[in-house]
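Please go over the structures that come below.
In what comes next, subunit A is part of two complexes: it sits with subunit B in the first one and with subunit C in the second one.
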Partner chain A sequence: MDYRSAFQISASGMTVEKLRVDVTAVNLANVHSTKGADGKLFRPMRVVSHESVGFAATMRHMGFSAALPGAAVASVESVDAPPRMVQDPGNPQADEKGFVAYPGINQVNEMVTLMTAVRAYEANVIAMNVAKTLAVKALEIGGNS
Partner chain B sequence: MSIEAVGYLAPLAATPGVDAAAVAGTGVAGNATAPSGPGFGELLARGLDQVNRDLVSSQTDVQSLALGDAQNLHHVMMRLEEAKLAFQLAVQVRSRLLEAYQEIMRMQV
Partner chain C sequence: MPYNIESATLGAVSLALDAASLRHQAISSNIANAGTPGYRPVAVSFEEHLGALRAALSSRGTVDASLLAASSARVEREPEKAGGTEEASRVAVDEQVAQLSQNAVHYQALLRALNKQYSILSIAINEGKR
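Let's look at the complex of A and B:
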């Protein structure tokens, strides 16, 4: 059942990219968030992914002969970006100089992250579909058609 | 599905009309005289059992997706594809078996 290993590898990549999209959505949702009840400002997050270490061992455990590594999420960490200060004296969150602190989220960067994540996800889907096409083609060996 | 229909091909070498020593000399039927490991019927049953388990598990996945419990969509789709491929493999094995059977039934004796 070695065609399943390609499925598992692509699935691990898709899981990582899906989380990247989720985290980017969190950043974009909080682009206009001011300080919360605890007085802390939202810090933009980013997904750090790496080659999966335990993946190969898991695959071997599942009975796959070719133990290739997949992708895994290393951590979701907060970025130390300086807050964006906006002059808005009427805002209840404004400081004594009339500035309101917003999270240092770069919307353009977030959109680019979103696009690359979507493209990477699509690439994983295509890799999986190719693996499936190979399996289906192999089933046609010796067929009448 | 009746697997027994294939089963009566195996004792061919053991039938009184066929000389076991002569058949063993051909090399191909040598395995039939001394079978080792699981029989073909058992292998087939095991494979069908695996396919059935795949189908049931993909059905469970779809059910959990419909209930909103699914962790993510791509795992469900992937399970469905795996079940589909396993089923196609079973169908191909069945059609090959049927072909071989019909080929033998057409044989002039």
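Let's look at the complex of A and C:
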């Protein structure tokens, strides 16, 4: 049995979760960004993942009836959240009523996404370490144990 | 003692090792897709297919290659839910990690069995010295 596919599956999961953490960091970094030079407000982003189909062919080649998918990033979408309006007449970005528009980023949601992604990443690391242990054990077949 | 290098133990243990290895990949795949919306987890069925193998072993005391091939592990995907709503993925990561460690221990137990089988052969080759 080939262990490289187990490593590939776990690695693909880690790649996706790491991107999720990165995107969350971008969102949190822009909590207090006002309109940019192009006059557009930053829109919060989120990662949408899907099963990667790349493994299907490999697994079928190895004689398994079904394919074992890894994960892959489908897209990084911007969320259409209404802007957060803050009363701050002294701000140069304020409109005629004295409101400044900030991106509609929900910090609580972002933190939940962050923690979920970190835990999922850890689970992938565990799966990969177990695969490594098993591969090393398999190399000891026929040894004096 | 009628002893055959290609014994039932070797065949059955390699079959079970393949199944455990495949199960590891299936669980890894579920964990990797923990954040995939609408993902349906995969599972490996193996123990269910061993009935014919057990029957042959108890009646004839040996198994042949075709029987072993018929009882190899299969990957199955969890069926689509009737509602068919596009919800978040249904992977319970804690459950998957628990299965992962159970499977790892099982795999190592199988390897131990295989090693014992080879050491019995080795005793036979070395005329029981050692």
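Here is the rule we use: the second predicted complex is superposed on the first by the 131 of 145 C-alpha atoms of A that agree within 3 Å, B and C clash if a C-alpha of one lies under 4 Å from a C-alpha of the other, contacts with A are read in each partner's own complex, and residues count from 1 in each chain.
In this text, a residue touches a chain if its C-beta (ideal position, glycine included) is under 8 Å from a C-beta of that chain, and two chains touch if they have at least 3 such contacts.
These numbers come from a predicted model, not from an experiment.
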Report clash or fit for the pair subunit B and subunit C bound to subunit A in the combined superposed model. fit
Subunit A residues in contact: does subunit B have more, or subunit C? C
To the nearest 10 degrees, subunit B and subunit C lie apart, as seen from the C-alpha centre of subunit A, by 40
Contact-wise, after the overlay, does A:105 reach subunit B, subunit C, both or neither (first, second, both, neither)? neither
Counting only touches as set out at the top, which of subunit B and subunit C does A:4 meet: first, second, both, neither? first
With both complexes overlaid on chain A, does A:132 touch subunit B (first), subunit C (second), both or neither? first
First, second, both or neither for A:23, with subunit B first and subunit C second: neither
Can A:70 be said to touch subunit B (first), subunit C (second), both, or neither? second
Look at A:143 in the shared chain and tell me whether it touches subunit B only, subunit C only, both, or neither; answer first, second, both or neither. both
Min C-alpha distance subunit B to subunit C after superposition on A, in Å, is 9
Contacts of subunit A common to subunit B and subunit C in the A-superposed view 3, 10, 14, 128, 142-143
Interface with subunit B, subunit A side, in the complex: residues 3-4, 7, 10-11, 14-15, 18, 125, 128, 132, 135-136, 139, 142-143
Going by the contact rule set out above, which residues of subunit C touch subunit A in the complex? 17-18, 21-22, 24-29, 31-37, 39, 42, 74-77, 93, 96-97, 100-101, 104, 107-108, 111-112, 114-115, 118-119
Within the complex, which stretch of subunit A touches subunit C? 1, 3, 5-6, 9-10, 12-14, 16-17, 20, 47-51, 64-71, 116-117, 119-120, 123-124, 126-128, 130-131, 133-134, 137-138, 140-145
Give the list of subunit B residues in touch with subunit A in this complex. 72, 74-75, 78, 81-82, 85, 88-89, 92, 96
